[in-house]
Every structure is written in C-alpha cells, then in structure tokens.
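Below is one structure, written out as structure tokens, with a few remarks after it.
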Amino acid sequence: MEAYIFNLVNLIAIYAILAVTLNFIMGYAGIYSLAHAVFFGLGAYTSAWVAQNVHPSILLTIPAAMMAAAALSLLLALPALRVRGEYFVAASLGLQVLAVTIFSEWKSFTGGIGGVLAIPPANVFGIEVFKPAHFAILSVVALVIVMALINALVHSSFGRNLRAIHDSESAAASFGKNVPMIKTISVVISAALAAVAGALYASYLSFINVESFTLDASVLVMAMVIIGGTGTVAGPIVGAALLMLLPSLISWFDFLPQTEIGALQQIIYGLGMTLLMIFRPGGIVGRRAKA
Amino acid sequence: MLAIQLAITGLQTGALYALTAVGFSLIFGSTRIFHFAHGATFVIAAYFFYGVFGAGLGLLPSIAAAGLGAVAFGVLLDRLVYAPIQRHEGSFFTVFVASFGVGIVVQNLIGMVFGRGFVTVNTPLSRSVEMIPGVYVSPLAWIAILCTAIFLGALQFFLRRTHTGMALRALADNPELVRTFGLNPRMIAATAFAVGSVLVVPAAIITSATTGLNPAIGHHVMLISLAATIVGGIGSVSGTMLAGLLLGLAESLALLVVDSQWTEAVTFAILFAFIIIRPAGLLGRATAH
Amino acid sequence: MTRHFTLAGAIVSLACLAMPAVAEEHTIGAIFPLSGTNAVYGDVFMSGADLAVEHINADGVLSGPLSIAYEDSQALPQPAVVAMTKLVNVTGVPYTLSAFTGVSKAISTLATRNSVVGVNGGGVGPDLAELGDYFWNVIPLANLEMRAVVPFLVEERGLKSFALVYVDDPLGDAMHEELETILPEVGGELVDSFSVPTTAQQFSGVAAQVRASGADVVYVASYGNQQLQIVKQLRDNGVDAQLVAYSGYAVPDALALPESEGMIITGQGVDFDSEDAVTKRFVEDYTAKFDRAPTAYNVNYYNAVLVYGALAAAIEAEGGEVTGEALLEARRATESFDLVGGTVSFQDNGTLLFPIQVKEIRDGAAHALTSVTFD
Amino acid sequence: MNMTASANDAPLMQIRNLDKSFGGVKAVDDVSMDLRAGIVTTLVGPNGAGKTTFFNLITGNLTRDGGQVTWLGRDTAGMKPYRIARAGVGRTYQDLRLFDGMTVWENVLNATEHGAFPVPISRAHRIARRERIERVLERTCLADKRNTRAIDLAYAERKFLSMARIMATEAKLWLLDEPASGLDPNSYERFLAILREDVAEGVTVCIIEHNLDIVIGISDRIAFLDRGRLLADGDPHTVMNDPELAKIYFGDRE
C-alpha cells in the first residue's frame, strides 16, 4: 500500500516539476508553450543515455539532461522572440510534432517506439534509489529545489523583468530591458528544469519511450497549470496532484464499467478545463481574472 | 508516373484539408476565437453521417444529420462556452483551453457511443480506376475536388456578395465598425460558426469513406487546419485554401523523398518555417504581433 | 493553498479505505487497453480471460475463487507502469496478464524487481522473448509466423517478389529484419519496403508506391485498425497483388472487411475443430457466451489464465504459497500444459511454441491452408 | 543631473532630416531639431501630425527611412530601443503601458533594473536606490499605494505612476507623451511642480501636449508639427501667436 502511495507521490512530484517550470514561462513571461513534453523527453533520453553509457549518478545524469534541454530550447526561443499568442502556440505545436517524429526515428538514441529498456536506477552518492518510498525522497527534494529556485527567480529583478515584459513589452524595452534576451533566458531555464523531471522519470520507470513525450503529455502539463492556477505558486502543484490522482480515484469506483474508465477520466478533465475557463479562469487557486 | 499519382493523391487530400481549414480560418479570422474544437465538429459530422447511414436511412438524411450536427455543435459551443468567456475575459488562451477541453470531451463521448476503433463507410466509390497507365483515381477523389470547388465557390460568393458575408469580413478587421453599422457582433459570430462548421461536413463525409474515422481523428484535422490557417495567413480565406492544398500536396509528394512517418513532420516543418520567416503567411495582411 | 493539500490528502486516504480486501481468494492482474484507440483489443482479451476464470471456478481447480483485477494501460507504457505498481503493491497479485509489446516491455522491469510473473498473450514483437525469467509469452512471436508463410508463398504459390508495409515500431522493425533474412534463403526477393508511423491512417501515397514496385506479394505488418486501413487503401488504389498479414489481422473487423477477401494470414495453429476436451469446451462455451466464433487472441488469454490455474493448483497441492517465485518454479517443473489448441510446453525463454497455420480469408472467415510445425 | 558647461554647448540630441512614411504617407517628413540640456521642448500639432511617430523614431521603436539622430555625439542608427533607453533616453506612453500585474513599488523599482540576470548589488547601492524610490513615491503622492497593483489604481494615480517610473531612472532626456491629459487642476499643478523640479535638476524634457496652459506654462520652446513636417520651432509666444499655425491647430484648414 505504501508503495502505491509513494508511487503516486513520485509521479505527482515529477509532473509537478513540469507544471511549475511551464508555469514559469506561461504565468510570468506569457509564453504559452505546447512543447513542454519535448524538454521532458529530451531530458529523459539524455539522462538514460548517460546512465547507461557513462554512469548512473544523478550528479551526471541531471546536469547532462539540463544542458541538452537548454540547448534545444534555443530552437523554441527563436519563434518566441518573434511572435506572440496564437502564433507561438502554433510554433510550439510544430516543434512538438517534429520532436515526436525525431524521438520515434532516432533509434540509436531513443530506441524509437520500442523505447529505452532497463535504465539503471538513480545513483545518489553511490546509493541506488529505486524503491518508490526511497525515490519519493529524491523526487520531492528535487521538486522543492526547483520550486525554491523558481520562486527566488520570480522575486528577483529577473522575475520582475519577466512580468514587466508580460504586461508591456514595449514599455519594458524603454526601461532598458533586453526583451529577447530575457525571454530566451526564461525559456532556457524552464526547459532545463523540465529536463530534471525527465531525468527523474527515466531512472524511476527504468523504461521510457516516445509515447510519454507526445502532444498529449504537453497538453496534460498545460492542463495542470491551468486547472491549478496560472501564475500562482501553489497552482501547478495542486493541478499536478489532482490530474495524477484522477485515474486512480476513478478506478476505485467499482460500479463503473471497466472499459469506460479511461474515457470517463478524460471527459472529467476535459470538462474541468472548459468549466474552469468559463467560471474561474484563474484556476483553482488563482486570483481573480486579469482585466 | 509515381509523381503524378502522388500529386493526384495529394490534391485529393489537400482539397479536404482546404475545406476544413477554411472553416477554422473563417471562424478565427472573424471572431478571433481559437476554436480548437473545430476538429470535434469534424468528428461529430462524420459520426452522425456514419450512424445514420449505417442505420440504413439513406444518403440524403445522413448528409442532413451530419450538417445539422455540425452546425448545432458549432453554434451552441459559441453560445454556451465562448460567449460567456469573452464576456468576462476573452484572452485568446482562455478560449483555447476551454475549446481544447470540449474537444477531449467530444472525442471520448463519441468513443463511448460509437466505439473507439476505426470505422469506415463502405462504398464502391472509393475503388480507383486506371485513368492513364499507372495512374489510378477513385471517383471519390473527383467528388472531393468537386465538393471543395462548389463549397469554396459558394463561400466566396457569400463573403463578397451578401450583406452578412461582408459584415463577416468586416468583423475580422474591426469589431467596432460592425457595431456602428447596426449589426450585432454576436449574431455575426453565430453566422461564422454556422458557416465554418458547415464547411467541414463534406470533408468529414468523404473522409469516412476514404481513410475511415476514429474518435481521435479530430486532433489531426485540427492540427492541419491550424497549420493551413497560419501558413495561408490569418484572416485570409483564399490563403488558407491555397495553404490547405499545398500541405496536402507536400504531404503526399514528400513520399518521393522520405518515408511516410516523416510526412506529418514535413507539414509542421513548413509551419515552423513560416512562423519564423514569414509570420504573415502566404497571403496574410496581419502581422504577428 | 493548505486547504487544497489537505483535500488531496483526504482523497488519498479515502482511496485507501476503498481498497478491496485481499482474502484467500485468488486474484490475478491484467493490464489491458480499456480506453483509447486500442480499447477494442481490451474487449477481445477480456472475453477469453473471463471465460477461463468461469471455467476454473466452476471446476473448483483452486482452493478459493479466482478473479481478475483489470487495469487500463491505454496500450501506453506509462499508465501501464502505474497500473503494474498498483497491482503489485496494492492488490498484491503474483501473476499479471499483459498485452502490447510496448506495455509488456515497460512492466517487465517491475515484474522482475518484484518477482511477479507477467504473461503476454497479445504482443508478438520478437524481443518479448528476452524480458527475463518473470516474463512469459503464451503466443508465438511474429518471427515464427513469417518463417511459416514466406516459404509457403515462394515455394507453393511461386510468388517471389515481396513488398513490405510495416509499422514503425519494434514489431514492424523485427518483421522487416526477419523478412530480409528469410526471403533470400528461400529464393524470394524483397523489392521494396515502406514503414508507416503508428498513428497514420492515410495510405494512398504508400499504395501508389507499392503499386509502382510491382511486387507479387504485399506483406502488411501492422496492427489494430491501421492494418485494416492499409489493406483497404491498397485495394482502393489499384494494388491487386497477393496481400499477406500475420496473426494480428485475425480480428473480426478485419476479417469482415470486403477488401480482405483472398488475403493470406498466419496465426497460431489453433484447431478449433479439434476433439480434445479443453478446446471443445472453450469453443462451445465461447460461442454460446459471446455469440461469435473465438479467435487466437481469445485463446491466448484463456490459455494464460489456464496456465495460472494449473500452476497454482500444483503449488496448493504441495501446500505452498502462490507467489511469483513459486509460479516460476512450478512452470519449470511442469513439462507440458493441456491448453486450447493442444498440449504445449514452454521454451526455456518462457515462450510457448505453437504450430503456425497459414490461412486464407474467404467470405469473411479464415480457412486453414496448411499448418507448419517448429521444434 | 550633472550639468556641465560643455553640455550646454553641444546639444544632447541632434536630429537631422528625419523621415518616415507608412504605405506612401509621410508620417515624419524631413524634421531636424536639436534637444539641448535643461530645455523643455513641447511638440504641438493636430492629431495625426506625427508627434508620437517622432518619439518612436528617436527611441528606436520604429526604424527611420532616412535622416540621422545622434545622442551624446553618437549615431543611434541600428540601436535597439533598450540600448537607446540605457544610454539615457527615457519615455512615457500616451496609453501609459504600466506593468499592470505589479505593485506600484515593483513598477518603479523595475524601471531601474536593467540587467537580464539578477546581479548582486551592494548594500549601500540598495539603500540609495530605496531612498530614491521613496522620494519619487513621495513626490508623486503614491507612497501610500506602494503595495497596490498598478491595475487597481485610479486614473490620475496611473498617470503619476507613469511619471514615477521615469523619474526613478537616470534618464537624461525624458520624452513625455501627453503626460497631463485628463488630469484635474490639482493634479496637473502637482505635475507641473514635479516637472519644474526635475528640469531644475538638469533633466531635458521633450513633451507632447495639447493643453495650452501647460504648453505655455512650462515650455522653453515649441515645435509645431503638421502632417509630419516641422512648421515652426521657436519660443512659445512667437509660435503660439502665429495666426497661420493657430488655424491649422484648431482645425480651421481651407
């Protein structure tokens, strides 16, 4: 039983890292990305590769994952600097679709649809961590560090600059802010930290394949941020917990027809997204809507 | 010969892409609503057709059911979901998320009712005949191209020659303008949704006989519509049409060079390139900001 | 904010309370696609497994009643791992049915780490044979099927040039490799091959290329509804070569497709007309219960549950506890099993060896042409 | 602030033959002008005369079609807006463009933060900065509202916050786009007082204004723009008393 709960804790923590990092660019910089799963995936593949070919120490796997994702994120920053709003959503969508194709085809690195098998457990200072209860310590600590980092950033001059750009790009520029640079950095930070989640995910599940890094995954993370509350501290965490618990919760209701559970779950979260947008666009923990 | 065959195939695909994409483009251009559930409209039209046709009620009632289903869905969605959101906030992203949610709900409801597998409407019309040696064209391809021409022609007439159509175009440029002309923007939005939803009906019906349907197909339809709208230039109906055709052709002709798993990537590489290099699109006036 | 965290906590504890009691009764797990595009398989698999449970309970094979705890994989690895964790840690099953190559691979690590047996009766990717001691297959893997049909086509039918349309995943890749190896051995030739993405549904372009290749035989290696679309669109677009597929094609929808007429497919040699008691009972009861004839997929999960019944009964007879380790040990000690389709035994790698039938689709049903046996 | 003798000699900003057209229509047409330290220049002219476009060209928000702008002796061609801003050219917007989601304090504080990275700053610097912001908030009467989000402020407060942001910077040249429009008499008296104090401390101001009281009350010099052309440039009384210009200004064209 504990293992089951810790398993959920791990998955929630991993997805919460994704939600928190997506919220960083969505909520503060106003960059609405539908390509977050790309960095999650790249982080996972990179850390799996390092763990299998170099060493499974998280001191190696996580930084490698972060660097790879940071480098790729420059590709996303490119359109982010030029366009806004619906155009950027479309561009990120394009990147997501391209990435899925590459994840499926670059078989020497990703194993294609077949995925990467038997990824060694995370190695923390020589100790192998794979039991759900032990891994929960690792994943929760990682989440706390990521949150602390993002919180510190948001309340620093960098965070103020981001929010300033969010509110008025031209005004921010006329107060000396290098808008493209700040946006690029925010995308890079977000992607690099999302890769931490990828690294944890790979070593925890010991198996990864492209199906975990598709558009659906990006949408799921986006839904977590939105349902929880965009631009809030607790929102992404609440959203991640809620959406990750949903399948388990529904499956406890024995009277529901087994074959419809998956569909019901999706209907609930789809309906949730729509109703929240109509009645409470700020999300569950959000403030009132911005004008 | 292969290239000619692929071009014809691409034309058929592109014609259907153009129809669906123009529907999305019209709605997006005139109301600025990021109607991601446009794919769901497609699914509803297709399954209504499939259901009624499968029940043996004949072709015309099936087409009517598909049309009614699509229009009712589009208009009701505008009334019940988009209008309330726009009343209190209206950020494009809020609308997008709500629309996305609706798409998920529709996909799963359809799956519960009709099953999640692929279904196909069987018709002898999908069987190709050899036109010239080595080039096969199915009657459905002609029907697809003809339907596209008729519907897009009718749309152009509607947009250029009727009062409502012109108001629709005006709405794209300036909502205030419409108000001063004494027209109700919400009424015009409803028209945009009705017209935009009708446009997917022929594509949905033809698709049900060619490549078949499943509840998740709306996703692909939506992605293509979005890509065509942006490549064509937001607000430009003719641009979207052209882009839909081009994307269909590119997807098909790409097979000459790459394996078929890259075709979707080709579409989105084109989209990505347009956004970076020419965000205004093929025929667009609007700028990216 | 605290309020929400407490809420989440409350939900978790509620969830725990609702946990079904684990009594002496036997519970095995099953991770099937119950939602998503592949849910149609879930129904097919469940029908076979459920029938076996009925039979085992009716016969009183085990000390207590047997039941199956179903979990939804959506045919995707991650939900499968979550489901497996739940089955292993909460429900506490020693034996889990699994389907789909990706899902099976994803749960195999958990199976090994927790000493729980995973049994595949649906995926046919050849690498499923290499997932460790705790992962078994009660289905002949696809390479075996290809080894049966290719010599038949080349030697008996005189069809020498092949084109392959294969799905771009481990299954398709393995089939591709296999075909490339076998064809030269028997004097055939692979003139062209086309890989298609798992999600594709539009094949008229591929069809044009297939036609241009001028092959005598087009081998379709895909699954689910995609293979139906491939076949339909090949035929629609003027490909009139002999179409061939593996056992994945033996689903009702595919057999009923008008374009399937005349196709050659392979499948494990289940002789449904066989007179042995197990097969007879299965065919009769299945047809009565579901009002349709069974297919190999129904058989495999029926068999998978029968294997559990036999092993668990043997362990109970010796007074042991039914655990994954005990099941593995018992299987190694058991020489052969009486299953639907005959008496069969496991290979060392945990895979059942079945004869393969080559069948032709006529009037919406598969009719055996010949049967190939391997050692 | 540090007005030196030499600063009076060479103009801070030299504008020569500035041109900009949109789709064939000349928005700014061959405008030349010098902005000298400590001088308040007011741009007047009817709507659509090209005043805001003129600002946008100086700050780099728009690229010019022709002409030259030098700032402190340096050609600004090709300089990004943020670089021009960092070099000491500050501006406000007619539609304010406050950072709506941030508090008053954050708005003003952020106006002083240039770098993309959060760099550690010395304690002394931090204290000096805080005092500076405090003083700006005192002068704009926003001290009580420091923790209010900009979006929640009243109209006049928003106007003053827009001023406060530029006051907190170290910009040498302020380009103010209708900073006093819509202010009640009390508020604009306060606005004039602020402006006079800062000008006395050496800030150079170029202001777009329609209110003739302000125009006369504070300007050292008036530049009259119409349809992109600089029709007159001189001391306030001469320009404002020109009957031809008055005709254009009050819309009494032929």
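Per-chain numbering from 1; labels A, B, C and D assigned in written order.
The working rule: a contact is a pair of C-beta atoms (placed from the backbone, for glycine too) under 8 Å apart; a residue touches a chain by one contact, two chains touch by 3 or more.
Chain by chain, the UniProt names read as follows: A = Branched amino acid ABC transporter (Permease); B = Hydrophobic amino acid ABC transporter (HAAT) family, permease protein; D = Branched-chain amino acid transport ATP-binding protein livG.
As the structure is a prediction and not an experimental result, all values here were calculated from the model.
Central chain (C-alpha centroid nearest the global protein C-alpha centroid): A.
In whole angstrom, the spacing between the mean C-alpha positions of subunit A and subunit D is 43. Between the Cα centres of subunit B and subunit C there is a gap of 38 Å.
Averaged C-alpha coordinates put the centre of subunit B at 49 Å from the centre of subunit D.
Averaged C-alpha coordinates put the centre of subunit A at 31 Å from the centre of subunit B. Residue numbers of subunit B whose C-beta contacts span two or more other chains: 108, 111, 116, 261, 264.
The residues of subunit D never reach two or more other chains; the list is empty. Shown for subunit A are the residues in touch with two or more other chains, namely 101, 104-105, 260, 263, 266, 290.
Going by the touch rule set out above, the chain pairs that meet are A-B, A-C, A-D, B-C. Across the complex, subunit A is touched by residues 28, 34, 81, 84-85, 88-89, 91-105, 107-109, 111-112, 116, 219, 223, 226-227, 230, 234, 261-262, 264-265, 267-269, 271-272, 275-276, 279, 288-289 of subunit B. Subunit A meets subunit D in the complex at residues 153, 156-158, 160-161, 163-164, 166-168, 170-179, 181-182, 185, 231, 290-291.
Across the complex, subunit C is touched by residues 1-2, 5-6, 9-10, 12-13, 108, 111, 115-118, 120, 122, 126-128, 130, 134, 136, 138, 210-212, 214, 216-217, 251-252, 255, 259-261, 263-264 of subunit B. Within the complex, the subunit A residues that touch subunit B are 32, 78-79, 82-87, 89-91, 93-95, 97-98, 101-102, 104-105, 215, 219, 222-223, 226, 260, 263-264, 266-267, 269-275, 277-278, 281, 289-290. Contact residues on subunit C toward subunit B in their complex (touch as defined above): 35-40, 168, 194-197, 200-206, 208-209, 211-212, 224-226, 228-229, 232-233, 235-238, 253, 258.
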